[in-house]
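Following this line, the structures themselves.
There are two complexes below, and they share chain A, which is joined by chain B in the first and by chain C in the second.
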Partner chain A sequence: MSEIMEKLYFYIQFPMVRKALIVGVLIALCSSLLGVTLVLKRFSFIGDGLSHVAFGAMAVAAVVGLTNNMPLVLAVTAISAILLLRTGTNTRIKGDAAVAMISVGALAVGYLLMNVFPKSGNVSGDVCTTLFGSTSILTLSKKEVLLCIILSAVVMAVFVLFYNKVFALTFDEDFARATGTRTSAYNLLIAMIVAAVIVLAMNLVGSLLISALVIFPALSSMRVFKTFRSVTVCSAVLSVICALLGMLVSIVTGTPVGSTIVVVDIFSFLIFYLIGLLKEGVKK
Partner chain B sequence: MKRILCLSAAAALVVALCSCSAVDNGKASRSGAKTVNDVLNEAQSGDSGKTDNSEGEFVGDGEKSIADIKCDIDLTKMESNMVTATVNDFYINPENYIGKIIKAHGTFGVYEMPGRNYYLCVMTDPTGCCSPSVEFLLKNERKYPGEYPAMDTEITVIGEFETYFEDGKKYCQLKDALIN
Partner chain C sequence: MALIACKNLTLGYGGRVIVKDLNFAVNTGNYLCIVGENGSGKTTLMKTLLGLTPAISGGIVLGDGLKRNEIGYLPQQTAVQRDFPASVYEIVLSGFCGKSGIAPFYTAAQKKEALENIRKMGIFDLKGRCYRELSGGQQQRVLLARALCATSKLILLDEPVSGLDARATEGMYSIIEKLNKEEKITVIMISHDISAALKYATHILHIGADCFFGRREEYISLKKAEVTDNE
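Right, the complex of A and B next:
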């Protein structure tokens, strides 16, 4: 135990580890805030679809030779999020079919571009890093860290400021519209935030594992808590703890960061599931 | 009012977290930064006895083994995640490492280019798809391939971190390196 603590103390001295922990916590917090809304609106899988779009955009940015790819990736992901999340319009391809189409399409185009116009000698390494995160959270530049912090702050501010509207839209969009809420504008806002969270979370867990970061904390919290506010708060706390624990375990044991965080999320879900069962048993 | 309080708390959290990251870059690796020559001179009792042994080691007779040479950054004692991150940081913030003595363990690799070969210590990352590597330049020039280890042989290398420019691009390497 003391050996682990010594190791942790040693690694925490590295600026890159401190940066990774800060950014990781912020990303986990943001993704969990949106997770509750997305799960309740039956959009759990949208994170997966959008992350593949972000992967495609990242490949385009690499091919074009952009040194800072985040603005382009953010813009493309936001546009896709708006297209996927707009509701009540006469789209010919709807729901999960649209998500699946955009998801696999972007993934295929991204991978094709990376192979046809390779920017480094290690295409498989680049793809692997983008899909699974690898150690990208530990290798962020100062600019990326700053951008992550700003985006996280914006996401949190928007969520807190528009909490009531998000709540209304999550549970009954028709009622919200009937009471004068500009639902399309708020849906657009949610889409933009989701896009920002996806782009942020790609750094932490990679594009294939983003959904886990969005849905696990929300689903775990829903096993135990029943109100929107308590589920959101619990989800945020749980997500931060899991991300921190996952990152520390991965740093100490040398396992991949993204998958370690997701495994911790799975364990937390199992624990909350059991607690939920016990609670129901006690009530009966 | 509640929202303003929440926002203020969030802002304070972000500022507090940011201030943590601003702490002294490279602090972890700044203890006793002697140059590699100082260390190697301490370690070597004389170059006259420096011979390759039959197992292909480059640490000559009368020298301390690489394991005994003190270094500023010992990649051999880090987990693979941290090795990848640290090697990546060599390229992002090379100024933090110039003059530091660095030790790495991996497999021997070489890029054979017209006019110059680039000798590498190639490590593996946790996902196994990215292979961080450090270039090194041996203290005493040797002929390739005869006097170098075979490709993919496990090696430990120690040397002084430096940057150099080639075709207008910045690269980094471990100079005055020893391997075994």
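Right, the complex of A and C next:
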């Protein structure tokens, strides 16, 4: 045990590890806040779809030779988020099909571009890093960390200020619109925040595992809690704990950060699932 | 002047016309039942009245100082709501969403009124309970309490008793009647249930192949005349 603590203490000395921990916690917090809404709105897969779009955009940025790809990726993802959330209810292509289409399309184009115009000798290594975010969180520059802190502060502020609107919109969009809420404006806002969170989270877990970060904490807390507020608070807390635990484990054991966090999330889901069952059992 | 009036309204969606040249007016205190076959456009009419679906032509005029965000609405339940983790109080309070504009939080007065509306619906002891664990009748009362938070003037109900058992149906109708008579809330209700419509409504709007709008007594005598004609 003391050996593990020593090892942790040793790694914490490095500023890059500390930066990674801060960024990781912030991203986990933001994505879990959105997760509750997305899961309830039946948009669990939008995180997945958008992260693939972001992957495609990153590939394009790399091919064009942009050094700072964040603005481009953010813009492309935001536009896709707006388009996808719009298709939600009554359009010719149903929401889930649209997400699947864009997701697979962007992934394929991204990989194709990376292959045709390789930037380094190790294409599959590059692809793997982008998809699973294996080490990128440890190579964040000071500027990126700052950007991440600002973006997550904005996301959290917006979420707290618009908490009641988000609830009304998630529970019953038609009612909200019929009684005078400007739903399209709020939907736009939600879409932008989703895009921001996804671009942020790509650095941590890579594009493939973003969905996990968005849906696991929300699903876990829904097993146990019964009100919107308690579900939201619980999933935020749970997500932070899982992310922190996952990162520490990956530091000690040398496993990839993203997948370790997700494995911790899976365990937490199982635990919450059991607690939920026990609670039901006690009631009966 | 009428509270809400439709002039030469043509309804439909996706470019398809469902109802043509509809004319009717609802005055303050009326209880209007909209009846008609499945697919005759009842729900589309309600969505158009609420501004959710644009009218193809014609117009809806609001009178008596009624504003867009002063209309309450009891929609049919959606699949999303059936497993939604939310307490009764949270849902009822969300009825104020449209009224509070961009203000981020609900006021103390609104919170008090939400509790009052919950009490009016006779579900005060359920206010902390999870919505998805309630019975169908209780859920409808929650949604009705929410609608009351949005309005004190006009309430639109889309098949409020569908899926309820006989007792819950009776309870729902008597609550709606009370709101209409005691709180002077104007009611527009879609109903499958002609006998209940004839029992409670002051006016009937029948949409379909032949449209009818008028007082309940006129509708009854018209129906009687049709029966005698057929004989």
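Going forward, the second predicted complex is superposed on the first by the 279 of 284 C-alpha atoms of A that agree within 3 Å, B and C clash if a C-alpha of one lies under 4 Å from a C-alpha of the other, contacts with A are read in each partner's own complex, and residues count from 1 in each chain.
Quick note on the criterion: a residue touches a chain if its C-beta (ideal position, glycine included) is under 8 Å from a C-beta of that chain, and two chains touch if they have at least 3 such contacts.
No experiment lies behind these values; they were computed from the predicted model shown.
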* Once chain A from each complex is brought into register, does chain C clash with chain B or fit beside it? -> fit
* Which of the two partners, first being chain B and second being chain C, lies in contact with A:175: first, second, both, or neither? -> second
* Between chain B and chain C, which makes contact with more of the residues in chain A? -> B
* **Which superposed partner A:161 touches (first chain B, second chain C, both, neither)** => both
* To do: Mind working out whether A:41 is in touch with chain B, chain C, both or neither, as first, second, both or neither?
  => second
* With the two structures laid over each other on chain A, which partner does A:22 touch: chain B (first), chain C (second), both, or neither? -> first
* Asked: So, A:128: does it touch chain B (first), chain C (second), both, or neither?
  -> first
* To do: Return, as a multiple of 10 degrees, the angle whose vertex is the Cα centre of chain A and whose sides reach the Cα centres of chain B and chain C.
  => 170
* Asked: Is A:222 contacted by the first partner chain B, the second partner chain C, both or neither?
  -> second
* To do: Look at the superposition and give the distance in whole angstrom between the closest pair of CA atoms, one from chain B and one from chain C.
  => 8
* Structure fact -> After superposition on chain A, the chain A residues reached by both chain B and chain C are 160-161, 163
* What residues of chain C sit close enough to touch chain A in their complex? -> 47, 50-52, 67-69, 71-73, 75, 78, 80-81, 84-87, 90-91, 93-95, 97-100, 104-106, 128-130, 133, 146-147, 150-151, 156
* Quick one: which bits of chain A touch chain B in the complex? Just the residue numbers, please. => 10-11, 13-20, 22, 25-26, 122, 124-125, 127-129, 132, 134-135, 138-139, 141, 145, 149, 152-153, 156-157, 160-161, 163, 250-257
* Touching residues on chain A, where the partner in the complex is chain C -> 40-42, 160-165, 167-168, 170-172, 174-181, 222, 225-229, 231
* Interfacial residue positions of chain B with respect to chain A in the complex -> 3, 6-7, 10-11, 14, 17-18, 20-21, 23-28, 79-82, 84-86, 88-89, 92, 125-127, 129-131
